[in-house]
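Just below sit the structures, each encoded as structure tokens.
In the two complexes that follow, subunit A is the common piece, with subunit B as its partner first and subunit C second.
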Partner chain A sequence: MNTNIKLHSLQKRRLRDGITGFLFTLPFVVGFILFIFSPVVMYLAMSFSKLSLNDAGAMVFENVKWDNYINVLFEQPDFLKRLASSLGDFALRCPAILFFSLFIAIILNQRFHGRALVRAVFFLPVLVYSGAALMFSNDALSNDYFKLLSSDSDETVNLAQYVISVLGGTEDSPILDIVSTLMDKIYDITCSSGVQILIYLAGLQSISPQLYEASSVEGCTGWESFWKITLPMISPMILVNAVYTVIDVLGNPTNTIINTLYSLAMDSGNYGLSAAMGLIYFLIIFIILGAVFFVINRFVFYEENI
Partner chain B sequence: MNLRLAEKSISAARIKKHAYGVCFRIIRGILLAGLVFLILYPIFVKAAASLMSNSDIYNPSVVFLPKNPTFENFITVWNAVEYPIAFAKTFALSFTVGILQVISCTLVAYGLAKFRFYGRRIIMGLVIFTLVIPTQTILTPLYIRFRFFDITQLLQIGGELSGISLINTVLPITLLSATATAFKNGLYIFILLQHFKNSPKVLEEAAFIDGCGRFATFTRIAVPGAVPMLVTIFLFAFVWQWTDYYYTSIFMPEMDFLTSRLLDIEFSWIAGISGDYAISVSYAPRVLLLIFPLVIVYLFTQRFFVESVERSGIVG
Partner chain C sequence: MTSKALENGRRSKRHIFHKAKVNRSHAGNAVVFTCILILGAFMALPFVYALGSAFKPLNELFLYPPRLLPQNPTLDNFIGLWTLMKSSWVPMSRYIFNTLLITAAGSAGQIILASMCAFPLAKHPFPGNKFIFRVIFLSLMFHASATAIPTYIIMAKLHMLDTYWALILPACASSFGLYLMKQFIEQINNAVLEAAEIDGANIWQTYIRIVMPMVKPAWLTLMVFSVQSLWNIGSSTYIYSEELKTFSYAVSQVVAGGVARTGTGMAISVIMMVVPITVYLITQSSVMQTMASSGVKE
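Moving on, here comes the complex of A and B:
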């Protein structure tokens, strides 16, 4: 009898907890149903239709079943090629960004003179690579960014070229090529790591200083406390950054596939085909995300599990 | 004898450690200087370009630094966009939207992290889903939603819609922010979710036993402990609203925010402009006027970071 009552109250408490939890998430649930769900359903419907305008100027959906998907997979010769190149590029850039941003965040979290200013500089890529600022600085995305401005735009001077010519080298030495590609690559990674660095920094700031105090009392070296404290405590943010990097690298507007999607819809007016291609692509992103999540989540340290 | 040997080896170890420390600092300094140069160089180029006068633009001997520096370009842009008004409007919107997004995302993330209930995993999946689908793909249907806004028809898919237009009001962006479905809110929820999952349970249980309700525990224990995260998220929300062009141009095309004003001014405002080079000279002051206030905002938010480190001694 007594245990029955106890069980009953435990169940009640669980139920109440569940309802409270659901109430906390309510803003998102409402927002999703009102603003995301039906646009996504419409997008899905578009992928199975051929869209045209009728005389009144309204959109008419004509059901074409799987035609758009078949078209994307078998009749668009560039799609699979572009997909492969975009995934190949992703496989190289994603780990590079993740390691680089963690490394920089750890350095920026140390104490040194001018730290606030250096941090502000590393924040700049987030600004330059967002929204309208991106429209003004599209040239920032091209490979030959290290041009010195010259009034004669046909004959631009590369910074690396300039430095080497000052040092007495010739303009087409192999070192020049290596130096300028290296600079471009580092620049590219640095600029794609802005958001990740900030997330890691916030994670590092959230680690309680008491943990480090305790470890130094116990005689841990810096190297040991990195492996035993910093890395486990930052690991939840590694997962966040991995997921974000996948989405950012594969889904940002400069990606070739995303570009194709928009040009298909906006320039050619082929909304159905664009939607089908988009959905195939997003499904691939989801599968990659699932894999990344599964692998990394196993190494993430959660306090609640101990 | 033995003691002396031990002392010697300790001092040797100290010198070694010190030497390592110095080496490390030098390498760190060089590395950071290089990267800072790499990031700042394009911005210096832009700053130099925006200070050029018309005579410098067509002077072939001017390569990098302007010979007759002038603020004329900045003044032209400043007046053309009515900078103070556009600035105030954009600041007010970004600030409100930032605060709203921080509140809604924190609530959602806390609910997902600290409670067990049916559908929790589905909601988490949907959060990631909103992040994967690029905004641009659903912007048109979303526009139709807000063009013919009617609370009774919100669940309707397709068909004729009739309702009031919310276009050119701040309501669409406010509604999206308050419901954690605005730009990249999935990321904010995910960051906070991971943070709350890893925040010590002991403190919350203690507060609970002391008679704190669920919500009081949330506001008094969870939120103060998450300050670095919340500041970072506010910063993202603020910056991405500030530089946003897609949402603003579609939901508020006539409201004259900074981005649309800066993008819309006459392409060739420098007399007789021509060529790539002159175009980049016309871009430079605009992008600088757009991003400079954000650097100030960033430096300002740094203060919260330092404070929160001190506070986390109590909380963490």
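Moving on, here comes the complex of A and C:
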């Protein structure tokens, strides 16, 4: 009798917790349905139709079935070329960004003088690049934001050229070319790593210091504690960052495909074609995202699995 | 006796290893920090350049090769900006108020909604929670600029065009914010939550008293992201009354004045960067002492 009552109240509690849990998710889910889910559904509908304005200025959808998709795949030779180059660029940059940002985050997580300042410096590109620099945005599509910041002057001042000119070198030596492309790449990767570094840092901050204490009592070296503690504990953040890097690199406004999508819709008014192209592109992102998630998730260590 | 000797031997061996390790890492540290310093200098250079240029008089702005720091620093650019702003049709304070309101409400909304949704998804499963998470995760691949037109249509249907809501509410529903929060909340040791439950805390109390303090680094990081992006919202297709437009939009109009406004533009870019950098510095300094005292004894 007594246990029966207890069981009953336990079930009741489970049910109540389930309902409360659901209520917790509700505000976000409503916002999600309104501002993310339904636009996507409409986007899907747009890709199968030809959009035009009637005399009254209202939008008219005309169903054209797969025409837009056929157009994208067979009548837009540039699209596939751009797609290939954009994916190739991605394949190089994504792993580079992930490793680089983890490396920097681990260093920035150590205690040293001026740590706050150095951390801020590595986040500067995110602040400068996406914010104020874009205001001079005639040229926002260029990666060289030094050029952006010197905005209106006609000379395109490359960072490497600038440094070398300050050091008193000449401007057109072959070494300069190599150094400047190399620096451009490093610079580019550092600039795209700001958010990732910050996420890794938050992850590193969340590791309980007791783990390190215990391991050092047991005689663990720094190298061992990195592999046995830091890496497993940070692995969920590696997954988050991989996901973020995929959507950031492939969905960045400076990406050629995103650019094409935008100009097709806004400048040429060809909404249907733009939507079809977008959906093909997002399907590819989806496949990449799925593959990345599947591969990395197998190595992720979750606390509850102990 | 023998075991003691063995023990001693082991200890001394370990001692030697330890020492060698420390020495090596000192040398390594020096190299690594030099690299960091060089990289950091490059990262800081554009910022320093903008800062320097903001204080340059007109004749120094177009020097080639450009100089990093002004030779005759002047406040002309800021004074020029001030005069320009005073002459604007809608008072500048209104633009600033708009931006502050949107940034504060949007960031707060994003953090609260994302963490509230993430908590049950990570720790209190209910029927359908996996499905909800998967759909949200899938939505990550759609870029906001691509779905701008459908979003516009939906906002028109909700009568949200030309109100603050058009900028605040979409910011609250951030899929990536949710994903970040879920990943962090999942890391919390279940024993802590069970302990709270045994002590009689309900979900709401657990969320406020246990979960949020424990994932403070996560939501402070999320705050940096959202403040950063909301602060920089410029012209928006959803807003067309002049009184509702943002500070970023107003100053971009100033910069659009052309070459003659280069100095003013530099002054603006410095002012625009100050707020996100301040938020960043404050949050980072309070991220430091979060985790020190939490954990379980088993």
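Here is the rule we go by: the second predicted complex is superposed on the first by the 247 of 306 C-alpha atoms of A that agree within 3 Å, B and C clash if a C-alpha of one lies under 4 Å from a C-alpha of the other, contacts with A are read in each partner's own complex, and residues count from 1 in each chain.
Rule of thumb we're sticking to: contacts are C-beta pairs under 8 Å (C-beta built on N, C-alpha and C of every residue); 3 or more make two chains touch, one makes a residue touch a chain.
Remember, it's a predicted structure, so these values are computed and weren't measured experimentally.
Undergrad: Do subunit B and subunit C fit side by side on subunit A after the overlay, or clash?
TA: With subunit A as the common anchor, subunit B and subunit C collide in the superposed model.
Undergrad: Between subunit B (first) and subunit C (second), which, if any, makes contact with A:Trp223: first, second, both or neither?
TA: second
Undergrad: Touching A:Val195 in the superposition: subunit B (first), subunit C (second), both, neither?
TA: In the superposition, A:Val195 touches subunit B and subunit C alike.
Undergrad: Thinking of the overlay built on chain A, is A:Ile258 touched by subunit B (first), by subunit C (second), by both, or by neither?
TA: Touch partners of A:Ile258: subunit B and subunit C.
Undergrad: Name the residues of subunit A shared by its contacts with subunit B and its contacts with subunit C.
TA: 17-22, 24-25, 27-29, 31-32, 34-36, 38-43, 104, 107, 112, 116, 118-128, 130-136, 145-146, 149-153, 157, 159, 183, 186-187, 190-191, 195, 198-199, 201-203, 205-210, 233, 236-237, 239-240, 243-244, 247, 251, 253, 258, 261-262, 275, 278, 282, 285-286, 289, 302-304
Undergrad: Can you check the complex and tell me which residues of subunit B touch subunit A?
TA: Subunit B residues touching subunit A: 25, 28-29, 31-32, 35-36, 38-43, 45-46, 48-49, 57-60, 62-64, 104, 107-108, 110-112, 114-120, 123, 126-134, 136-138, 140-142, 145, 154-158, 175-176, 178-181, 187, 189-191, 194-195, 197-201, 214, 218, 225-226, 228-229, 231-232, 235-236, 239-240, 242-246, 259, 262-263, 275-277, 280, 283, 286-287, 290-291, 294-295, 298-299, 302, 305, 308-309, 312-313, 316.
Undergrad: Under the stated contact criterion, what part of subunit A meets subunit B in this complex?
TA: 14, 17-36, 38-43, 45, 61, 104, 107, 110, 112, 116, 118-128, 130-137, 139-140, 145-146, 148-153, 157, 159, 183, 186-187, 190-191, 195, 198-199, 201-203, 205-210, 233, 236-237, 239-240, 243-244, 247, 251, 253, 258, 261-262, 275, 278, 282, 285-286, 289, 301-304
Undergrad: Quick one: which bits of subunit C touch subunit A in the complex? Just the residue numbers, please.
TA: 14, 17-18, 21, 25, 32-33, 36, 39-40, 42-47, 49-50, 53, 62, 64-66, 113-114, 116-117, 119-121, 124-127, 129, 132, 135-143, 145-151, 153-154, 158, 169-170, 172-173, 175-176, 178-180, 183-184, 186-190, 202-204, 207, 214-215, 217-218, 220-221, 224-225, 228-229, 231-232, 234, 248, 251-252, 255, 258-259, 262, 265, 268-270, 272-273, 276-277, 280-281, 284-285, 287-288, 290-292, 294-295
Undergrad: Which residues of subunit A touch subunit C in their complex?
TA: Interface residues on the subunit A side: 17-22, 24-25, 27-29, 31-32, 34-43, 46, 59, 104, 107-108, 112, 116, 118-128, 130-136, 145-146, 149-153, 155, 157, 159, 162, 165-166, 183, 186-187, 190-191, 195, 198-199, 201-203, 205-210, 219, 221-223, 233, 236-237, 239-240, 243-244, 247, 251, 253, 258, 261-262, 265, 271, 274-275, 278, 282, 285-286, 289, 293, 302-304.
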